[in-house]
Amino acid sequence: MKILVINPNTSASVTEHIRRELIKIKRPDTELVVVNPEHGPVSIESVLDEVLAGPPTMDLVRWANAERFDAIVLACFSDPGLDAAKEISDIPVIGIEEATMHLAAMLGHKFSITTALANRAPTRDVHVRLRGLESSFASALVMDMPVLEMDADPVKAKQRILELSRRAVEQDGAEVIILGCAGLTGYAADVERELGVVVLDPTSVAFKIAEALADLGLCHSKIRRFSRPRVKEIK
Amino acid sequence: MKILVINPNTSASVTEHIRRELIKIKRPDTELVVVNPEHGPVSIESVLDEVLAGPPTMDLVRWANAERFDAIVLACFSDPGLDAAKEISDIPVIGIEEATMHLAAMLGHKFSITTALANRAPTRDVHVRLRGLESSFASALVMDMPVLEMDADPVKAKQRILELSRRAVEQDGAEVIILGCAGLTGYAADVERELGVVVLDPTSVAFKIAEALADLGLCHSKIRRFSRPRVKEIK
Amino acid sequence: MKILVINPNTSASVTEHIRRELIKIKRPDTELVVVNPEHGPVSIESVLDEVLAGPPTMDLVRWANAERFDAIVLACFSDPGLDAAKEISDIPVIGIEEATMHLAAMLGHKFSITTALANRAPTRDVHVRLRGLESSFASALVMDMPVLEMDADPVKAKQRILELSRRAVEQDGAEVIILGCAGLTGYAADVERELGVVVLDPTSVAFKIAEALADLGLCHSKIRRFSRPRVKEIK
Amino acid sequence: MKILVINPNTSASVTEHIRRELIKIKRPDTELVVVNPEHGPVSIESVLDEVLAGPPTMDLVRWANAERFDAIVLACFSDPGLDAAKEISDIPVIGIEEATMHLAAMLGHKFSITTALANRAPTRDVHVRLRGLESSFASALVMDMPVLEMDADPVKAKQRILELSRRAVEQDGAEVIILGCAGLTGYAADVERELGVVVLDPTSVAFKIAEALADLGLCHSKIRRFSRPRVKEIK
Amino acid sequence: MKILVINPNTSASVTEHIRRELIKIKRPDTELVVVNPEHGPVSIESVLDEVLAGPPTMDLVRWANAERFDAIVLACFSDPGLDAAKEISDIPVIGIEEATMHLAAMLGHKFSITTALANRAPTRDVHVRLRGLESSFASALVMDMPVLEMDADPVKAKQRILELSRRAVEQDGAEVIILGCAGLTGYAADVERELGVVVLDPTSVAFKIAEALADLGLCHSKIRRFSRPRVKEIK
Amino acid sequence: MKILVINPNTSASVTEHIRRELIKIKRPDTELVVVNPEHGPVSIESVLDEVLAGPPTMDLVRWANAERFDAIVLACFSDPGLDAAKEISDIPVIGIEEATMHLAAMLGHKFSITTALANRAPTRDVHVRLRGLESSFASALVMDMPVLEMDADPVKAKQRILELSRRAVEQDGAEVIILGCAGLTGYAADVERELGVVVLDPTSVAFKIAEALADLGLCHSKIRRFSRPRVKEIK
């Protein structure tokens, strides 16, 4: 089995971080490839960043199909370009946000999501609502740290996650914490140990769901919503 | 007052069609400019098309801000790139879908939306749900005509709209019909006359809302959700 | 264009206040008439007041139709009698609450609404829910001032609005503030300047939507929900 | 125990019909009084009718409080003026619609509601939604008979109810039928016998809930939403 | 009229407590029988307890049908086994939770529910959601007292209820308090007197609804959802 | 890795069927054990059956914990006893319904669910609603075949599934079909081939999710909702 993980931002250090963590959990017979586009924003922290990361991500999705990967994981918590990727892909594309939100809803009554900056808390509301999971959503936890700063200062990032998670459990009724950022891969276990709640690392969760889907020979449905777009002129 | 209407696809004929219709309804003192990007898909009929149209649309939004327009209308019914445009704009950006859905909810108990192709009916569900308007939504009406064919064969397009609208009124409880495509500007009045229901042309509706917002000196809120993105490296 | 604004309470001072403010924002070619019923409560602060204001408001709606106005604005934030008015009117009737809630949902992630007295906070919940806008609603802000006291002591009213709005932004995630009372027309700009959020004056918003609808020749749909009631005996 | 049933329309024949039916089901120790206002519409078939019936209904609610009744039943299926009545009443006021919808949600998976005319089907949607019972609602069944015609031609009315109820059960998944009109009191048993489903007569249901509330010494809560309105000038 | 109240736990003292309280409110002509199963948990404080109490409760439901009772009240606030009981019963089965939640939604804008232990607060969310009453739900109030301790120390229990109810009214917007436990029967009046809000004792409410249904000759619908299960082998 | 699959009914043939199918998809290093309780109903087709299957299922859950399995799959589509199982288990318990509904929501716009008998269609509504997935739900497809008949006559069962699935795709907008019964394991591939849509076998899906969770070392959260029940007397 061959799985492509796409980090849609252009930071090689984030890509490397993801690879390092996934290697630890991949099955021995799974071939793991982690890539990022050459062009686009170095981190995704706004809808603007998502828009700019969109076209280069599509190129990688096409490449994964041509190279006959068995599944694609889109490793940015806002799932930028996910629906478009599903349209053009005949192999399953798993967004780390959608996979993790749905799993979290199974693992506890309510989940909270850490988010880098305050402007993204509304995005969490919107994406939860899109999936109908409002009643499983406890709160968005604003870290107030840019994504690359988290990558550069993991000690501070972990400290902040701990502090916010504790508040979420005590005040918001959270039973599960989602680390809402691809760059936090590898922090879940530590935080879980200290807090005693379930902490989900979205990239790991989605990667395992990708393996499961590939085992089952399942893809997203290709009729109607994610059917292949008509070929047309692009000026 | 100076309003920019952005047709995010690259078909000059659609752009021209929109201009011709809006000239009829604009206030005498409103300066109207209608543009389309130079690069990108010739029509927007999939999420893929939306992704590809995104970056060039952002350039036009920035230009409108630099040129001190009073408001921007994004003239594609799926509102591609709307949230990102709001992030980078200090003048109001009105999506024709959001403006029309909200107005339709005021004008009748339920609305139906015509859509070019079957793959887009789920998009209508999703966008209605995003705005909480499920209880005002009667149905998506699939025309089974590509967007450019509608532009090329208006007689057939009108016939199809009439037929679908009649069914929506009789079977789905629709009291308002939304012509869910920027390229249908100018058909509303005809259809309304024949059916006796309210028929909304989204581009016209959004244009008038743009004039109203500009009159009131209102913009979308620039705190939190649509706050200006941090400046960052784009590789 | 000729627009009738109905203040459904019987306080001439409130009517005058509304007229004074709308004159500032009406288009030069719009004829503005602001009226209130002769009989009924001097302010509307309960559902009882709404019930009592209902029949005299209907008379004014009929008169506006007879006098061939182009649109009617119902200037009380609870939109008392709005659905009945739509039934008997062949010209558009715009409730200031419905117009403002829908516009607010476009301008920011969540809105808060100031309300005069605590008994009306539940009404805000109910009316938001009626329109499906729960996910756009941050909070009701209770001023604890009767409506006429606001009119009499604008300095205190503004101070209270500032204080409540600040809390709504900081604690409830509000990005837009709605001044939920017709009598506050004219305060929006001041508050907006001080707080940096979008502040909506419902009467102004609805008035501009009325102009837009009249420009577009649109009315609410007259089939089914708002169809003309059967003529019957009234004892 | 002394219960007042208010028929808010001015048709003495409907009032008499209600009295005749309730006498059959009232407990022996319950004193039953059924009244209608002197002034107002002879039937309630539009929101306009509701508005016109509002003020005279309030007078009867005040009278019931002065006369020390133990509970009030508002016997019109749209519950016109219910919230205002609760504001001014210190004894419980039960709307036949609200009582019946909540009971129906307990007695079966989904309920359908017969309604006199097509313009009122949307009202059913709105009122179901107001109470959060969307998932218990199967359909509105349009009889296409004015209320007074039902009263005058009970054979035709029953035939129509049977026919519509059968369709609701077979096609809409209805397990309970609500006869959505006060004037149909007394038809439930017949229809239930023929169809084998549960058929609810709202006036009977609400009357029994009124007896139950009076037994328990319960009233609606008088804090916040239904608190007594401030005394004020009514011009 | 003969009504069976089933206390699904095996604590005779709770059964006796319920009997003592219901005798005070039952109609003189109602025959009251209160029973509990011989086997099963002594209190119901988890879903596990509900599962274990299920089969013996079914036996009592069958017995009530054989003995020709007119209605059954299931007296445990989580309504354990309610749907199964409805399947096998031809006489109405009323769950104290469902009856009380629906009545509470009629008596005030929002209700709060006291619950013995923290693990059951999520259950309240889930059950409110099941019935669509989210918008009527203010909060779950965690007493942090096991059920049998409440029974043993009523003074402490009342004190705790008062304290939590006050907070619910002041902070959560509650207008009605539900004592979410069968063992609290008899406390409502005291608490109501002190706080001035409506306080509902679920067992009393359900018992009165049972009398009302029996008077009306109504049962839950026996088609589809609650139809009698097919006879089958039980190993 | 060692996974226990519990068939909560007492039909050894169904248990064997499940084992045969899961062997085909399990990873080579996964140890698979499939069991059923000795006592209880031979099939689960009503809430009554769920209640009766509850206690023996709990015994198997306890046994799996004692035997140090890595995960438990509860293989009955209604997930009977799932929440109680999570309370008493320190290893993950996966319900085949919850896992499959959440995965289906990721794989297509809407899913339909086949169900054996008409009385269970409402259960599908309720369980979809419990998880907030209403907007992803197309329809329940009633096979009108008892569960054991499906097991005995697979040709007829497949034919019926094909027929219903085709209708779901064409009329209800389904893009994914869920075979809502543990006994249908192994039919998905055939049906998918013929219809071109995604067809999910819940037991297979849940089994693969179980492997994924075990790989990740994840369990459901043991704080609050699924915390271990207090030890108490069971009479």
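Order of writing sets the labels: A, B, C, D, E and F. Residues in every chain begin at 1.
Please note the rule applied: a residue touches a chain if its C-beta (ideal position, glycine included) is under 8 Å from a C-beta of that chain, and two chains touch if they have at least 3 such contacts.
For clarity, every value in this text was computed on a predicted model and none was experimentally measured.
Student: Given the touch definition stated above, what is the smallest step count connecting chain C to chain E?
Tutor: 1
Student: By that same contact rule, can you tell me which chains touch chain B and chain D alike?
Tutor: Common contact partners of chain B and chain D, which must touch each of the two, are C, F.
Student: What is the distance, in whole Å, between the centres of chain C and chain F, each centre taken as the mean of its C-alpha atoms?
Tutor: That pair's centroid distance is 52 Å.
Student: I'd like the Å distance between the centres of chain A and chain B, where a centre is the mean of that chain's Cα atoms.
Tutor: 30
Student: So how far apart, in whole Å, are chain D and chain E when each is placed at the average of its C-alpha atoms?
Tutor: Averaging C-alpha atoms per chain gives centres 27 Å apart.
Student: Chain B: which residues touch two or more other chains?
Tutor: 109, 121-122, 129, 134-135, 173, 224-225
Student: Can the chain contact pattern be summarised as a line, a ring, a star, a complete graph, or none of these (other)?
Tutor: Drawn as a graph, the chains match no named shape, so other.
Student: Kindly provide every pair of chains that touch.
Tutor: Final set of chain pairs in contact is A-B, A-C, A-E, A-F, B-C, B-D, B-F, C-D, C-E, D-E, D-F, E-F.
Student: Under the definition above, what is the set of chain C residues touching chain E in their complex?
Tutor: Counting only chain C, the residues touching chain E are 121-122, 125, 129, 134.
Student: Write out the stretch or stretches of chain B touching chain D in their complex.
Tutor: Residue list for chain B touching chain D: 109-110, 135, 173.
Student: Which chain E residues qualify as touching chain D in the complex?
Tutor: For chain E paired with chain D, touching residues are 25, 27, 92, 94, 98-99, 102-103, 105-109, 131-136, 169, 173, 175-176, 189, 196-198, 200, 204-205, 208-209, 211-213, 215-226.
Student: In the complex, go through chain F and note every residue touching chain E.
Tutor: For this pair, the touching residues of chain F are 10, 38-43, 45-52, 54-55, 58, 81, 83-84, 87-88, 117-119, 121-123, 126, 129-130, 146, 224-225, 227, 229-230, 232-235.
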